[in-house]
Each structure stands twice: as structure tokens, then as C-alpha cells.
Amino acid sequence: MVIDKPFDSFEIGERFVSRARTITETDLVLFSAFTGDWYPLHTDTEYVKNTPFGQRIAHGMLVLSVATGLSRLEPGWVVAFYGMDRVRFVKPTFIGDTIHVEAEVIDKQDKGPMGGVVTFRQEIKKQTGDVVVSAVMKVLVAKG
Amino acid sequence: MVIDKPFDSFEIGERFVSRARTITETDLVLFSAFTGDWYPLHTDTEYVKNTPFGQRIAHGMLVLSVATGLSRLEPGWVVAFYGMDRVRFVKPTFIGDTIHVEAEVIDKQDKGPMGGVVTFRQEIKKQTGDVVVSAVMKVLVAKG
Amino acid sequence: MVIDKPFDSFEIGERFVSRARTITETDLVLFSAFTGDWYPLHTDTEYVKNTPFGQRIAHGMLVLSVATGLSRLEPGWVVAFYGMDRVRFVKPTFIGDTIHVEAEVIDKQDKGPMGGVVTFRQEIKKQTGDVVVSAVMKVLVAKG
Amino acid sequence: MVIDKPFDSFEIGERFVSRARTITETDLVLFSAFTGDWYPLHTDTEYVKNTPFGQRIAHGMLVLSVATGLSRLEPGWVVAFYGMDRVRFVKPTFIGDTIHVEAEVIDKQDKGPMGGVVTFRQEIKKQTGDVVVSAVMKVLVAKG
Amino acid sequence: MVIDKPFDSFEIGERFVSRARTITETDLVLFSAFTGDWYPLHTDTEYVKNTPFGQRIAHGMLVLSVATGLSRLEPGWVVAFYGMDRVRFVKPTFIGDTIHVEAEVIDKQDKGPMGGVVTFRQEIKKQTGDVVVSAVMKVLVAKG
Amino acid sequence: MVIDKPFDSFEIGERFVSRARTITETDLVLFSAFTGDWYPLHTDTEYVKNTPFGQRIAHGMLVLSVATGLSRLEPGWVVAFYGMDRVRFVKPTFIGDTIHVEAEVIDKQDKGPMGGVVTFRQEIKKQTGDVVVSAVMKVLVAKG
């Protein structure tokens, strides 16, 4: 997402593409450490030999969290993160994959003087073009 | 969530309560750093003086990510994180708040030989008893 | 170790096996950073060419520290970490090795109302079956 | 410890005092994250209200690990960390305590051409002068 | 600095102001850890009682490094970081200070087809308005 | 630099060579995270395929920051980091390069009772012998 203007300036159908970031082994270790989620799919190279993936995969929540950082949020306009709907972890993200975010405004709801909720359809894609995570993101944006 | 048994052993209505973890200033800095989301609501003590919160608040995605680490996931049973529905960031989590997770199985869907999707209603609460994040979590669990 | 019950419930001869974790280059960098121990055996790929190992090795204390996190400690039962005896760094742990912990209760000493000391023989092994660290661990456990 | 010379130059009775480092809340979070040991004595401000300490305490292994980084190890002389005996976690280290290490050479054992084991009695002390951890440390040191 | 356009579009006298970030105790610990610079001015609360500052101060290089992250660098335009001149650590940055960057283009030098060097006078200021670090920054910027 | 003695004891022409440290992928991720500088030259393996380097390069400020940690600064003698002149990022540092610091005292300026400024010419070199960063470093050193 890019949130760099007041609620009233967003238009349904607007699209944004973020910069990209390569997901590294370091990212998997740091996210396991931060969250405490050391599930062996992410952290055990012996265990994953016997899974359909055959290698470690990034935590779904890691990918989703990195995506929020790829968004550009200008100070002053985001009031609060409102919520997410229909988050689906569609394909695995492997060490070495490079992800970016594509988003489109699909709805706007005025909430009165405190702002309005802008709804984005968000797709996190990797270098192959595959969608790895899809989600609907809702952000409370200030008025001008 | 606690996922420590095969799909068939889960029953609708089962409830789990996790251990707790205090959210620290360090957590806010580490999550800003990891994701690249340095939005001033989380990182600028001058900026937040002029917000309704009056102090820094944890990223919604930080709280949700920590919650996945408070879950207990036994190796072998989780096949994949399937998705989330209706995630709502209901109240702010401040530095010093202590959060835990309460979850209840609300649905099961058999997906054939690869396992089934167990659906949990999840509430992340803080020491005051307030819910800070509510969500529906869906996990693909192996069969016995 | 697994400490999930009161002192009185432990029996000499009980055995536990932990989940596993792969030791990564990231772990060596993070532990060097956290402790300030940048000894070149752990951090300098040129230096290690002239050592018997031929590659970087994990800090002994890194392996021992990760092992404490592989243990399962249920809130309420551990009163304090009492001590360790005869810790021996038997073989090197390399980047990419996957370690787990095996432990056996070898002694119990009642310390009165505050609990008792449970003594474990602990072996940290890697995927080859080799023991990399052996130690005797002593934990003060609460009574029921 | 200070290991900045060959095995033969160490003399029984030599003493060393390290620089100091203040243990911070950040250190507790980082060590919990790195090891995966989020035991509530270290991470839950509500839980610790009902413990004898009344506040969070540093992991014993955290203090011992930081102490290895306070040692001065000159490249070339340390062959390997041999082991530890009689490690005792004598008193708690709280957030804000400042620790340093005092060590004394108490034994030397020649191991042939690959070097010899120098044995230190090590005390980790805090700003009050109290010993928080005592241990016997054994290091394999190269010959000149 | 903001580098979001080709070399030819920069004009001498252009000015930029960055967002801000509060420097925390966590930042001091992380930077000490990352660099290995645990000098007691940054890490020892007992030692600093006897210094003119009376409290811990951020590493000069920490402040300068954070400032580069406060800059906005659009992918495609920065070819390389060329250098810095007359960097002066004018005043201390304490834990809790909130810093931002002000920059002005003061020179441009065409370097041929690979781009040109844009020179900025940069001042890092804290919430009081005091300059903590001043520097001249030189960046090689691509042509359109 | 090595600063382990009073201002008066430094002599122009003195030279120092530091220990070395290998720059890892982890270092690039950690420094991007800490500073917030995720410029794709450092973090995007797809983007760098189309740059003259063909691979990710370390941030110039990362290399300069690590160099300060390779210096040996004895508690008591460094009063403050005074500044830097003519910092030039001469060649790229790649993942896997091993860097060390060579420094020479080139000037001394007495500043009265609070100490004096010792000026070093500093070269950061990698394992090939190439200089990657050159700089003039100025440190305020206490008198005896």
C-alpha cells in the first residue's frame, strides 16, 4: 500500500507497486527468534527433507509482516491499522525469493471526523510472478 | 492455538489458553527494524504526543506475529498455515502490556489425504482482560 | 530438559528428547554480536583456513544456550537454574549442523519447602548422532 | 579471562579483571529470542510479581554468555573452549545491573604438542560487589 | 537526503527535511552488538556517572548510520555512496532524543555517462533544535 | 585505531593493524534493518543483476561502522569521537569479504585540560589487499 494523502483523495481502482526485498536465511532466523515460532518447517534442514517443500519455507506471517514494511506510509495520514480479511498463504516463499507488493483500492468507507477506512486488495508476489500471499487490507486514513 | 495432535482428534468447542509475554520497547524497535515499518506511531515519542494514544503503540502485525509464537505447534502436525479471516485490531497494545492468546476450535474441514483445515476463533488479550486483536485462524493439520 | 511437573513427580531414569534446530551463519553472527565474542574461529573465514577445523565453528556457549531454549519449561515449575557440572565441548558444531538435546534424570535432592534440585545428564547431539556437548544440569523445581 | 599469550607463559595465581557491561531489558529480550527460552521469569512482568524476585531476572546462561564476551581473547592463542565445572547461579541479575568478570589461574595441564589446558576460577560480579555466577573455566591454549 | 530523481534534476539550494526517529536504549545495545564497539560511554551505567555527560550517549556512528536510513533513496537513482567530508559530532545524543535530518544541495559535479556527484550539507538535529552531527555527504547519482 | 594510552603518549607515525571480520549476508540484513536503509543494492538479488557489481554490496556506512568496532578502545582514554574527514568509499565490499583496519597517527592537537585530538589516517582493507574505505579519523583523547 501507499498511504501518502488524505482519505478523500483515494479513488477506487488506484493501483500501487512496491519496491522488492529478497527473503534471506537471516530473515527466517530473525523472525523465528522474534516471535518464538521455531516450527521445524522454518528452522530444521533435516526435517524439511521429508516435507513436500523439500526445503525451509518462510513463515506466512513473516511474508505478511515484511509486506507492511514495503508499503509507503507517510506520517500524518495513517490513523490506525483497521484489519485484514481473507488472508490466504497461497504458495511457499523460499530462502532467496524476492518479493514485492501490488495493491489496488477496492473500497472506501467514511467513518466521520476521525477519517475513513480505505480497503486494498493486496497481492504479495515473488520474482517468478507467482502470488505467495493474497489479502484484503483495511486502513483508517485521516481526512485532509 | 495448540496443534499437538492429528486433524481427527480436534473437536469443535475445544479451548486453549497460551502463556503470556510482555511487549517491550525493544520489541517495537526490533519489529520496526525487521519489517522496515518505522511509522512514527511506533517509533517517534514526539509525534505520538499529538495522537489520541499519547504514547507509542505496537504495530498490529507485531502483536499478531507474537501471538503465533505463543501458540504451541508440535512438529509433524502442522502442514501449512492456511489463512486468516476477519482480523481486527480492536485496541492498542502499549509498551509494558502483557499479552496472551485464547483460542477455540470453531470449524473443521476435511481436505482429503493431505489433512484437514482446523479453524480457530482467536482473541489476543492483555493483562486488563481487554481484547487487543481478534481473528479467525485456519491451519492445515495432518491426519494421524 | 522438560520441566512440566512438580519435583515429586520426577523419577530417576526418566528420559527426554527435544525438537531440533539447524545452526546457521546467522546464529554465529547474532551470538558474536550479543556477547561481544568475535573470536576469529567463529567470524573470520580467512583465519579458519589455517585451523584444524578448516571452517568456522559455533561458540560452545552458543550451542549450550540454544539447548536451553530447546528444553520445554512450563511456567510455574522452574524456580531457578541451579547450576551445571562437567560441561565438555566434545566436538565442533559447524554452520548447517542440526542439533537436539537428550536428557535423563540422574538425581533428585529435596531442599525443603522451596522445592528440590533435579539433576539431568544432558547430551547435545547433531544429525550425525555425534555428541557435541555433554553436561550435567541442575534445576530447582517447585513442589506440587 | 584474558588469553593473550602462549600456554607456557600462564602462571598459577595470575588474576584478571574485565571491563563491565550493564544488563538491559533489551538483553533479556534478545537472549530470549535467540535461544527460544521465553520462560516467564525473564519475559512476563505480571508473572514475576508473584515470585520471590518481584521483577524479571536475566537468564543464567545470558550472564555466563556475556561474561565470555567480556574476556579478552587474542587471535592465535585459544585453540578451543574445553569445558566448565561447578557453574553455580548464585544470585539474580536484574535489569540495570552492571556486571564484570574476575578470574584467577588455578591450574595448568600440558596436553602435548597441541597445547595445554589452563583452568580459571571465574567470578561474575555486579556493581554491589555480589557474585552472581561462579564457575571453573577450562581453555585449551596453544604453545608458543 | 532525498534522492528520487536523476542527476540533472537536482538544483543547488534545494532543501529536504526527513521524518524523525527516537533513539532508544535498544538502539545503543543493537549498535554496540553489531559493531562490537561496547565502549563504556555507551554501555555501562556505572562508568558514565563519572563522565561529563552523566548518562550513556549514542555512538556517533550510530547517529550517522540512522540518518542514512532516514533519507529517502528511490531505487534506480543512487549509483554509489561516494563519500563524506567534515563530519563533526557536535553534541551528544541521549537515550530518548528524537532525531531528524535536514539537508541542502550545495554542489554538483558531472562525472560523465555514469552520472554525477551531488553534494549535500547535512545536519542531524534533535527535538530541542540542536545540531548533533554535521557533515557533507556526496552521492553518485545516475543520469535520466 | 587503538586508543589505550593518554594523549601525550601518542606519536606521529605510530601504526596499528586490527583483527579481521568476515562480512556476511546476515550483516547486510541486520544493518538494513537497524538503519532502515533497504536500498536494493544491498537487499534485492534481482535488482543487482543489472548493476555493475552484479551482486549485493555492503552499505558504505556498514563497513565504516564495523571498522570502529575492530578498533581497540580502552575504557578511560577516549573522551569523545571528534569527527571524520575525507571519507571515501573506494571499492565495494561483497558478502564473504573479510575486512580489517590499518591506521597511522598523522597529527596531534592539544586542546587543553580536557585532552587532545589525535588524528589517524585509516584504511579499511579486504583479504585481497584492496582498500575499500579510506578516511581520516579524529578522536579526543584524555591526558594522563
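All chains are identified by letter, namely A, B, C, D, E and F, in their written order; residue positions are counted from 1 within each chain.
Basically, a contact is a pair of C-beta atoms (placed from the backbone, for glycine too) under 8 Å apart; a residue touches a chain by one contact, two chains touch by 3 or more.
Everything numeric here is computed off the predicted structure, so don't read it as measured data.
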Inset, instruction - Determine which of the two chain pairs, B-D or A-D, is joined by the larger number of C-beta pairs in contact. - result: B-D
Inset, instruction - Match interface A-B to one of C-F, C-D or A-F, accepting only the pair for which over half of the contact pairs are the same residue numbers. - result: C-D
Inset, instruction - Please report how many Å separate the Cα centroid of subunit B from that of subunit F, as a whole number. - result: 42
Inset, instruction - Just give me the whole-number Å value for how far the CA centre of subunit A lies from that of subunit C. - result: 36
Legend entry - Distance from the mean Cα position of subunit C to that of subunit B, given in whole angstrom: 29
Inset, instruction - Send over the residues of subunit D in touch with two or more other chains. - result: 19, 21, 25-27, 30, 33-34, 36, 38, 40, 44, 47, 69, 75
Legend entry - Of all residues in subunit E, those that touch subunit D in their complex: 25-26, 29-30, 33, 38, 40, 43-47
Legend entry - subunit D-facing residues of subunit B, complex: 19-22, 24-27, 30, 96, 98, 127
Inset, instruction - Quick one: which bits of subunit F touch subunit B in the complex? Just the residue numbers, please. - result: 32-34, 36, 38
Inset, instruction - State the interface residues of subunit E toward subunit F in the complex, per the touch definition above. - result: 21, 27, 30-31, 34-37, 39-41, 44, 47, 59-62, 64-66, 68-71, 73, 75, 78, 80-89
